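Supplied in structure tokens, the structure appears directly below.
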Amino acid sequence: MSTAVSPTDSSARLRCTDRATLPSRFATVRAQTEQFCEPLHTEDFVVQTEEHVSPTKWHLAHTTWFFETFVLEPHLDGFEPLNEQYAYLFNSYYIQAGERHCRDRRGYISRPTVSEVFEYRAFVDEQVHTLLDQADAATMDTIAPLIELGIHHEQQHQELMVTDMKHVLSVNPLRPSYRDDLPEARPDKPMPLRWVGFDEGLYEIGYDGDGFHYDNETPRHRTYVQSFQLSNRLVTNREYMAFMDDDGYERPELWLSAGWSTVQEREWTEPYYWERHDDQWYVYTLGGLREVNPDEPVCHLSYFEANAFARWADARLPTEAEWEVAAEGLPVQGNFVEDDAYHPQALSADAPGHTPTHGNGPLHQMYGDVWEWTQSHYSPYPGYKPLPGAIGEYNGKFMCGQFVLRGGSCATSQTHIRPTYRNFFHPDEAWQFMGLRLARTPQ
Amino acid sequence: MSTAVSPTDSSARLRCTDRATLPSRFATVRAQTEQFCEPLHTEDFVVQTEEHVSPTKWHLAHTTWFFETFVLEPHLDGFEPLNEQYAYLFNSYYIQAGERHCRDRRGYISRPTVSEVFEYRAFVDEQVHTLLDQADAATMDTIAPLIELGIHHEQQHQELMVTDMKHVLSVNPLRPSYRDDLPEARPDKPMPLRWVGFDEGLYEIGYDGDGFHYDNETPRHRTYVQSFQLSNRLVTNREYMAFMDDDGYERPELWLSAGWSTVQEREWTEPYYWERHDDQWYVYTLGGLREVNPDEPVCHLSYFEANAFARWADARLPTEAEWEVAAEGLPVQGNFVEDDAYHPQALSADAPGHTPTHGNGPLHQMYGDVWEWTQSHYSPYPGYKPLPGAIGEYNGKFMCGQFVLRGGSCATSQTHIRPTYRNFFHPDEAWQFMGLRLARTPQ
Amino acid sequence: MSTAVSPTDSSARLRCTDRATLPSRFATVRAQTEQFCEPLHTEDFVVQTEEHVSPTKWHLAHTTWFFETFVLEPHLDGFEPLNEQYAYLFNSYYIQAGERHCRDRRGYISRPTVSEVFEYRAFVDEQVHTLLDQADAATMDTIAPLIELGIHHEQQHQELMVTDMKHVLSVNPLRPSYRDDLPEARPDKPMPLRWVGFDEGLYEIGYDGDGFHYDNETPRHRTYVQSFQLSNRLVTNREYMAFMDDDGYERPELWLSAGWSTVQEREWTEPYYWERHDDQWYVYTLGGLREVNPDEPVCHLSYFEANAFARWADARLPTEAEWEVAAEGLPVQGNFVEDDAYHPQALSADAPGHTPTHGNGPLHQMYGDVWEWTQSHYSPYPGYKPLPGAIGEYNGKFMCGQFVLRGGSCATSQTHIRPTYRNFFHPDEAWQFMGLRLARTPQ
Amino acid sequence: MSTAVSPTDSSARLRCTDRATLPSRFATVRAQTEQFCEPLHTEDFVVQTEEHVSPTKWHLAHTTWFFETFVLEPHLDGFEPLNEQYAYLFNSYYIQAGERHCRDRRGYISRPTVSEVFEYRAFVDEQVHTLLDQADAATMDTIAPLIELGIHHEQQHQELMVTDMKHVLSVNPLRPSYRDDLPEARPDKPMPLRWVGFDEGLYEIGYDGDGFHYDNETPRHRTYVQSFQLSNRLVTNREYMAFMDDDGYERPELWLSAGWSTVQEREWTEPYYWERHDDQWYVYTLGGLREVNPDEPVCHLSYFEANAFARWADARLPTEAEWEVAAEGLPVQGNFVEDDAYHPQALSADAPGHTPTHGNGPLHQMYGDVWEWTQSHYSPYPGYKPLPGAIGEYNGKFMCGQFVLRGGSCATSQTHIRPTYRNFFHPDEAWQFMGLRLARTPQ
């Protein structure tokens, strides 16, 4: 049953944006990961609160394992792992890379300790730099794309570390905050909702440049898109509370069948992280519990909720093709993790927008703040082939029953996102920074 | 929370193919349903073996309830139900039509007895005929499309009755057969596999005629399809056994992630209804246990298995757009339930095929035998709107996490299927007559 | 792993009360079983509503299988079973008698049909009579105790048939009754509760006579019993409703820890089969839904509820030794299944009681009406040895986590019960006719 | 629904052994608890591996909460808790003492940190000493028994800390040890098994002295015990391996019905913590993985396994009355936690034994090494009354479906155990240091 791990084969189709800056970009990303840990206590690194929420300690080690397994082991002569069992403990889901520790038991592992994990990181970092220093051109052709992939992989896990830590702290009745210095926007005059129109036609979507990208963004291909409209900004808490006040969580006709079952089984009556005290809605944030700010983008919605809201609003979610067509021509700007807000921010009516290539008016918040649910199931693009070997397990094997999100969030790094970037989650998941923008089909 | 049931609103968008024949078509379909029951004993009508497998008794009553609820109650003056509680017992999932008995408890209900259910059917049939006799033109405009819908609804349940009864009989260690007179094809020379090519281009798919159809087939719309190839016939047991012999069920790299989890949790090692005795594969059929016939289309595969097989075969599943483009120009012919085989049939090399409008060679078995899994998630067509009211729950609310199947099966009525017909099931389900045809993208 | 089935070994320790009447007693019990089925429709025989609730059809066949397996197969020369697979389908839990069909799937088996099961019964009955006719003395020594055991086994299943059928009919929203002619007592003056005292001392309990009994009633042995008091009659619905009105189901301090968990998980707020309509309590009975009669013995209580009630009443449940000491000298009389009430009956203040050998006043309802929960875990008596072979699985292997009940119920046959009879169920079970009598320790 | 917490009422029935030494005994036990933590890393304190396995951090805080809730809050004027939410976080199961955090989520709580928990301990310790210093005679009468109870409660949790930490470390694939300096006995000549006889008669069991004890040990009462024999020592690994080699885990006739189900569901084939490598049995100990020492007492057996072994050995488990009768006259000596072995120790043939008051030969290992399963369900003694208020939840509410163990283990403190001490666990639990001694009934 064993198929050899052959990341080399895969690397032929991987890209590296810029080899000159690779060592410094590697060092920067690795250091950033550790900076995210600064506000934490040792105990915080250990806890796993749900199967899909990993301990911080695990993220730190898994991203390290990625470089060890796909870069150092095959390409650094004489490489000896610091601890042979780490490969078993810190593999996530790469079946072709060997046996793994159960995902739902990551919180049972008190050792290696946090400081041992930091030693593991330092050890691997040093070896990667050694390899980069000594690699000849042929080796560099092979390892540069893999290190590039590892950098982007680590950025994904930075975002997961933030969202998982939010979950871990939130379930604690003491409600500790991650940081106490986080800002909040409260515009005098919030941005009104307007519709931006796009014409029907044959468009191209998908990645086709020289830069880094995942295999699931390819191949770039033609797609026919009927005329559509997008809302100029994200849906706000104010708008979502109107849905709630209109019995949104009690009207089955608004929901997908699987969504309605979920609402009933889990007794959903409000967005994730919201709670009610004394006739006021509060939301747990990385800055602690706050009153819900009505002008902020609504966040931590599942696909089911986003879809029900859209139906209630006599609209729908955009398809991912519509989103990508709309994104053409827009700068990749927004409230990212570099902005240090760790929460979506309210939009002022005088905020400058950008008019897309194909649209008839300015759009806001297309990047950052919250990942935008699209109505599109996560499926392969026409002609899509996963990368061969274990690296090919990165994306393709998840193309079943999940939905695509676009645009990044306040926990995403600006250097990580692209117009063609396809994120994907199951329709009942809400612990990521997820929200929505409305779409509709002109009659 | 209650929204009034308003089938009338829906009927504006429903169609009736032929009003003149409506009473006779109604009578015919209702009688056919009962003919499917003739080989059964009273005890067989009662049993429910899984949540999604309903008792025959329930199908008989539910299809009757459909006419009672959507036709008689709103449109026959002075209508009194035979038993008011039947509405609770025999509603399936129409939330807007009122409370329902739990789906997983249908097998707990010994009363009404089978003969009482037949009385219920006779009662409702008589009332429907009364209504048809006395309806004025305006009423007829309203009820004809609803009765038409009920006829097609009943045909769907005829197919489910057959597949559910197969399940019920199969779990019995005595292995009773449904009928002992079912034929089996054993061609001397089976049909070889060939690839039929289709050009890329802008096509239209979806329903746009005058006949009956479901809302999910609309609107007809443009879609861009890249060039592709389809196999000329269905995949056979012989081919599937080669996959099994090549450790298909033990190689995670062939499977979707959710598929691999399912294989492991349920310990799948062969298709549903297959079993091994003395180095020979057997399959439970409605004619009892038989040796697997290598030239028959492989049947009772889940999406997960179909997808893994296709990957193993260095191919893929077709999209539903590809299937529909390929079906253009072909006659709706094949091994349907009217052919009385109740099992997919092996194809002889000299069987006549039909060349589709857009393809470069003859195709076989596009209709009948087995529903063909497509790789397409079941999603709304651009501009799709579900019908209003309870009738609108028929299709749209299931557009999440399911996959489309095309072409009908040996348990489908020929009068029920269309080129644009979209069937849909979850990727782990295999108790329907489901198989596959291969597709690939030319390099 | 296989141990030969050796009922012969066991029979050395089994008894037969009266060989002369054995054939007629066998015929009578077998006929009675079928009489219990007369009010049923064919569909009613098929349904299984919970794992521990078997279809009537299964009870009919299983009791037959018992005679076939333990009497005919080993002792009737040339015996050929009617259908070899029945042994697999109708074994309950006798691991040493071979593989069995899963207990929770008995309701999936539509075949053999009901009439085939009656044919199976007739076939086995005829063979047993043949064997009895032709048996020589030595064979008779072996088979008479086994047939006697089979008779008592069948009586146990008669009671289970009644309680299981009650469950099957009760879950049907149509609420069918089993019979429409069942009586109900409504005394003008109900019996008041009094305490009957018993002295401490060394007593003997357990079976030690010549008659039929189960192995778990032996050996008769000495036990020291502290002085105690028993209530003169069973606890009534009136008394139990006072507990409910005093928030009995909401006060954790009254409950065992496992009981309180059960109350919360299953959301218990009243006894099994009770329901509330318009400020009135109703109870489902075999005669249909009735208003709760406050003077009837409270019935269908779990151990958890009986124990919580007793604690609330500042009393406790009796031990099984106390119950058996109290029963000494009392006639085995009461409301049994032969009385055709199928429900516990209210007790009039002028009903005659009987004063036990060791007690200081008359006791009522010690037999019949409801099985009385004792506080005693079901454990082996000192010196207890289970019978060897498969027959030994009858009782001993269940001595873990269950509680003893005494005295029989309105669904028990009078010819089946004894003072030493130990029934046992899990503490969360309530679908048998179960209630309680209070005990207390004098201060 | 709320019942006031009234530990005062309970204290009337609680005892304090020695008031003069109370402050020093309190200080000693509190310090010992912290000494058990010395070999641990911060991360080790956080993890919960099963619902019944609590984090070390939780044990440290819960034992502190016990003094805060039952001693300081009601009896120290002006007491202010360090953190009001700790009462919610660190209550275990005292429903009458208020709401609690879910038991299965104790491992989700990273805060308070370990050092904060140690601060909490220091804070409460200081307050208790203050209270002891300033208490007048009446207050002392009330608090001394409660502090005594808290000391014994803390000793119980010391044992649980050890067994829970063993579990936490054992599930880690790195297999860390708790300490590396633990001894192991390997006698040249192990002790042979002999039977010690006891006469039948009327005995007394239960506590009736002046010292500390739990309510479940009272009242002392008469019980009639039939003549019996006990094995002179504990069952060894050698003997248990013979059972395994004789297919003990594959023969249902040896097992209780619930035990056999457990064996099959959980796929048990050896004792807990055992594993097989290269034809050799290993066992995880607090000193790491070791080869199984055949002369050590077998340990970490469930009741089900102990009972099956006894049946296989043609013997049985003793009742708790038998054990207590046998213990009369024996010194409370053995391998306790103070002996610093943290594992049961092999017994040499020349080890001195002690002849009990009622027995005919010397017994070994009655105390320490492993808790001995008795065949007795955990039930109330005749006349037992739980203490009133929340303190009464300590023992009585668990008297359902559990079994009694006697004698303490290598993880028990010698100052904690008594001849009348009744420990209790469910029959499927094996993570405590549990083993068995055989009994039999002379024929």
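List of remarks:
To keep things simple, chains are lettered A, B, C and D as they appear, and every chain counts its residues starting from 1.
Convention: a contact is a pair of C-beta atoms (placed from the backbone, for glycine too) under 8 Å apart; a residue touches a chain by one contact, two chains touch by 3 or more.
Note that this is a predicted model, so its numbers are computed, not measured.
Among the remaining chains, not one touches subunit B and also subunit C. Following the contact convention of this document, no chain is adjacent to both subunit C and subunit D. In this assembly, the C-alpha centroid of subunit A lies 37 Å from the C-alpha centroid of subunit B. Per-chain CA centroids place subunit B at a distance of 60 Å from subunit D. With centres defined as mean CA coordinates, subunit D is found 48 Å away from subunit A. With touch defined as above, subunit B holds no residue shared between interfaces to two or more other chains. If you sketch which chains touch which, the chains form one closed loop in which each chain touches exactly two neighbours.
Contact residues on subunit D toward subunit A in their complex (touch as defined above): 41-47, 49, 57, 83, 85, 88-89, 101, 105, 107-114, 168-169, 171-174, 176. For subunit C in complex with subunit D, the touching residues are 1, 3, 93, 95-96, 202, 221-226, 247, 250-253, 255-260, 303, 319, 375-377, 379-380, 382-383, 392-393, 397-401, 427, 441.
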